[in-house]
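Comments concern the structure below.
Order of writing sets the chain letters: A, B, C and D. Residues in each chain are counted from 1.
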Amino acid sequence: MSFNSFGRLLRFTSWGESHGPAIGCVIDGCPPGLELAEPWVQHFLDARRPGTSRNVSPRQEPDRVRILSGVYEGRTTGTPIAMMIDNVDARSADYADLPPRPGHADATYDAKYGLRDPRGGGRASARETAMRVAGGSVARLVIPEVEIAARVLEIGGETDQGRWDALLDEARAGQDSLGAIIECVATGVPAGWGAPIYAKLDADLAAACMGINAVKGVEIGEGFAAGRARGRESMDAKLTSGIDGGISTGQPVVLRAAFKPTSSIGIGGRHDPCVGIRGAPVVEAMIALVLADHKLLHRGQCG
Amino acid sequence: MSFNSFGRLLRFTSWGESHGPAIGCVIDGCPPGLELAEPWVQHFLDARRPGTSRNVSPRQEPDRVRILSGVYEGRTTGTPIAMMIDNVDARSADYADLPPRPGHADATYDAKYGLRDPRGGGRASARETAMRVAGGSVARLVIPEVEIAARVLEIGGETDQGRWDALLDEARAGQDSLGAIIECVATGVPAGWGAPIYAKLDADLAAACMGINAVKGVEIGEGFAAGRARGRESMDAKLTSGIDGGISTGQPVVLRAAFKPTSSIGIGGRHDPCVGIRGAPVVEAMIALVLADHKLLHRGQCG
Amino acid sequence: MSFNSFGRLLRFTSWGESHGPAIGCVIDGCPPGLELAEPWVQHFLDARRPGTSRNVSPRQEPDRVRILSGVYEGRTTGTPIAMMIDNVDARSADYADLPPRPGHADATYDAKYGLRDPRGGGRASARETAMRVAGGSVARLVIPEVEIAARVLEIGGETDQGRWDALLDEARAGQDSLGAIIECVATGVPAGWGAPIYAKLDADLAAACMGINAVKGVEIGEGFAAGRARGRESMDAKLTSGIDGGISTGQPVVLRAAFKPTSSIGIGGRHDPCVGIRGAPVVEAMIALVLADHKLLHRGQCG
Amino acid sequence: MSFNSFGRLLRFTSWGESHGPAIGCVIDGCPPGLELAEPWVQHFLDARRPGTSRNVSPRQEPDRVRILSGVYEGRTTGTPIAMMIDNVDARSADYADLPPRPGHADATYDAKYGLRDPRGGGRASARETAMRVAGGSVARLVIPEVEIAARVLEIGGETDQGRWDALLDEARAGQDSLGAIIECVATGVPAGWGAPIYAKLDADLAAACMGINAVKGVEIGEGFAAGRARGRESMDAKLTSGIDGGISTGQPVVLRAAFKPTSSIGIGGRHDPCVGIRGAPVVEAMIALVLADHKLLHRGQCG
């Protein structure tokens, strides 16, 4: 039922637990003839990798991706693209014999499936997002006309970037963690992608971002400010939203996602003081997947 | 491609333009044996009907729904339920010869489909939401254990309900309009509905609400406040979100949607000064559709 | 769950019981700008209508179709196309108080849904095929390059057309009924439609035809003869199949469907001595829907 | 777009080329708590493995399957089950520099995707069916009440099993090949699985089998014989079909598939004189996948 798939014409399916032998994904429906090689995917994976700065979890995962199908002589063939990353640094001992942790999905997994993998979050781990980033790197090839860039807008409610390092140090010292707001802008999206009612571009973007771990809110363009606005002011502001009636306008598509603070605090495992920082490349990837899908859908229906 | 469908196992498809002869929907996958008759659906339609107070558009649409299939002797049969409402008050003359209006989807329709129906927004009309409300009324039958209630939380940024009438009068007099924030709470959702990765309950709820006309932001539980929060405080707050790792926890599910101000101001047509007010029953309907779908999905996968 | 939908990018959903107030369908994903008016659809409906010859059931159904949405000024708009036919000749009294009839779906409906509509087969009626024919007429507009023609190949095992009238008269007199084999050829299908594994063009065609009432076998190209053949002879024969590896070759696509004899014999209702005769336009319609869908899919993925 | 996926609630996706580094699959939607370990899957893979008798291709593929996710302590967890087989015996040199072979999908791949992988059929290889067999072995766990058994019914038109060895020897000596007809019977399917219109159990079974390489015809129950029959005789015969109106009756489900002769004859590669012999376990697997899917769908909709 596509519980673990995403997209309509460009279809992305991921698999793998954070502490199993490997994680992977399959991208189905990718157009043929696109240049694709492992270094391209690796480049995006490296950008999200934990252990690259003091502000993200010190796990040392090489995240070395392998492309197992769908590419021949450096180009996509139109058949499914399978990618895989071996889990080489899965010290599950850190997590053994833990009770369900508040804020982790362990308890809900248990409620749903009647059992749980105690080694750290199972599927609902930030690790699964590596495959989203891999998938997003392929999606970018489908939409070379679009540029997608996400950045941290706020950390712990602080918009002054100069204050962030201090806040993070403080949180780390106090075994606390911080929320973050990520903004993503996609430029170059031509007018006409999307659909008016249930395959709305903004609805798909909202689902894509709300489906990222720790995201608790999504807004498009003027967002919640519009919910507090009056007409005339909104008329001006809305020019920046990039989507109207579910369909792209040709202007930049602007989206913001709110990441809640990390919930695993003060246990033996290795976690980020602010998962939102690592969220930016994941947001980019999801937006790339949605836009690539809608490009193909639009081409299919409207030629 | 389900451009105009919604849901997975309980599948809702709507059709019809605001100023065509009729609008309708088909609900596929509804379990058999549920008591369903037209007055039940009509009850929810009447609650959203324009013309019922001075604060919503004075169009007099009877919105008389007919059930055309899928029900026999007062009970659902398991076959598709088709419902239809004739458009009896479609004064399209009001809209004739208008250029694309800023903030209406006319321009994006034109970009996508190469033509547009100038009679007032085509599919992207608040009128289409009548069928969502009809669909939601059927979805409620699937989840009798759940109670869903939406209410206006803010109008034009004002949280004091006592000030709303004055604000609306002022907006009407000034041919202006106001944004609104709607909060919806679903109680009685058992633990275990949803799925961990892409069929997350929160992601589906976000898409459902972002797909409503004029909605520009959606948040679950603590929402954007969590994006500005630090760990410990969030730990407490999150107890009210009702969803963890994409799966319901058994606690009330809380969601907020931001409606932008009406964009059609100062033209001849008849519009609401605050569409968000009429948004509450639509939000309820969409949430009912998502929850009913996830109940069936959960039963299918996990027995 | 698309229990009652068909297709991927061009999505067809039907609703309605044979003896309810109306039957209808929704076609979602139809490209915009195609010329469409009711007489075009009616033309195909009339070709399948019962009561037009002595060899098909004498029910007098006008089958007058109405297009309710998705068309503006004679052209498709890209939004869902809803069509409806009122049931004006539903003499359900003929069927009242009947026990489940052998070979009718009544018993399986009962097993599945725990209830049944005793008025004659509910959804599983030849009447539902009217909407397939309506849907197929729209699909033809999507693929003007393709010509689709089905014809009766055998009746009751008799391939000599000159013997058919006598066989049918005999069956009618003896309250018996006859099987039929329909052959359908689609010419003009360009090379490249379809997909290699699960969205194979031949697999989709097989499902489309096996989903028609009374069809019990489907074969593509050389079909079952190939299952009884040896290599070299097959090499020659296969040149006529039109599909290789799930993808069209550019040659005519040839398909045959086996219709079992009518199962309702000797009861008060009005039925055909050979439903297969009426099956030809339904086979054409289903093939048109599949081919149109695959054209859009191919355009979406491969530009 | 599910070009390479199959199923609705139990969703099977395969990937991999016959001569790439590996092939694999993902099974999404599998219920939690089922006992699953690699030997179970391996057992079914071994049954279809080439090189196990003189009548199937002498390739020595160990087909050693690995389960990479979705199983914890010997039980399914409800998350996606990924399986993979390394391709250790891919002597693609045998196939290098070959022109498109008649009857191979190479030419249609080229037409569709504008390029082709000359190393032997790409996706459209019998090798891909290994993953179907792996997937089918998981599906069997979902439907322990059902027994599925396929057997060869005819080889080269010969129904007398005693003549088959001679026929095969003769074909091998003459570098010729033979068609086959496989019959599969599923017993224990309870009444009520399936759906009346487009998710018909028989339509899904037909698509599943027609999607197997080399299959050119599929029939359910009395099949093409019904297309040549008259009423009364059919009434008796139909009691064995097991499906009525798209829904299972509780009786055994009987299906036959026609495999055309192998098309790659007299080239350097290693091929079977009769691929149909190896088709039986693949037919079983596809039927298991369809039945398991419909069991979950039925449980979802009808409790």
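What we mean here is this: a contact is a pair of C-beta atoms (placed from the backbone, for glycine too) under 8 Å apart; a residue touches a chain by one contact, two chains touch by 3 or more.
Predicted model only: the values in this text are computed from it and were never measured.
Greatest centre-to-centre distance from chain B is found for D, with centres as Cα means.
Rounded to a whole number, the gap between the C-alpha centres of chain A and chain D is 36 angstrom.
Each chain gets a centre from the mean of its Cα atoms; for chain B and chain D, those two points are 43 Å apart. One finds 26 Å separating the Cα centroids of chain A and chain B.
Residues of chain B found to touch two or more other chains are 1-5, 8-9, 14, 29, 32, 78-79, 112-114, 122-123, 196, 297, 300-302. Taken pairwise by the contact criterion, the protein chains are fully connected, each one touching every other.
Interface residues of chain D facing chain B in the complex, by the touch rule stated above, are 9, 29-32, 78-79, 196, 296-297, 299-303. Within the complex formed with chain B, the chain A residues making contact are 1-6, 8-9, 14, 102-105, 107-109, 111-114, 121-124, 128, 154, 156-157, 171, 176-181, 191-200, 202-211, 213, 216-232, 234-235, 238, 241, 243-250, 257-263, 265, 276, 297-298, 300-302. Within the complex, the chain A residues that touch chain D are 1-5, 8-11, 13-17, 20-24, 26, 28-29, 32-33, 66, 68-70, 72, 75, 77-82, 84, 109, 112-117, 122-123.
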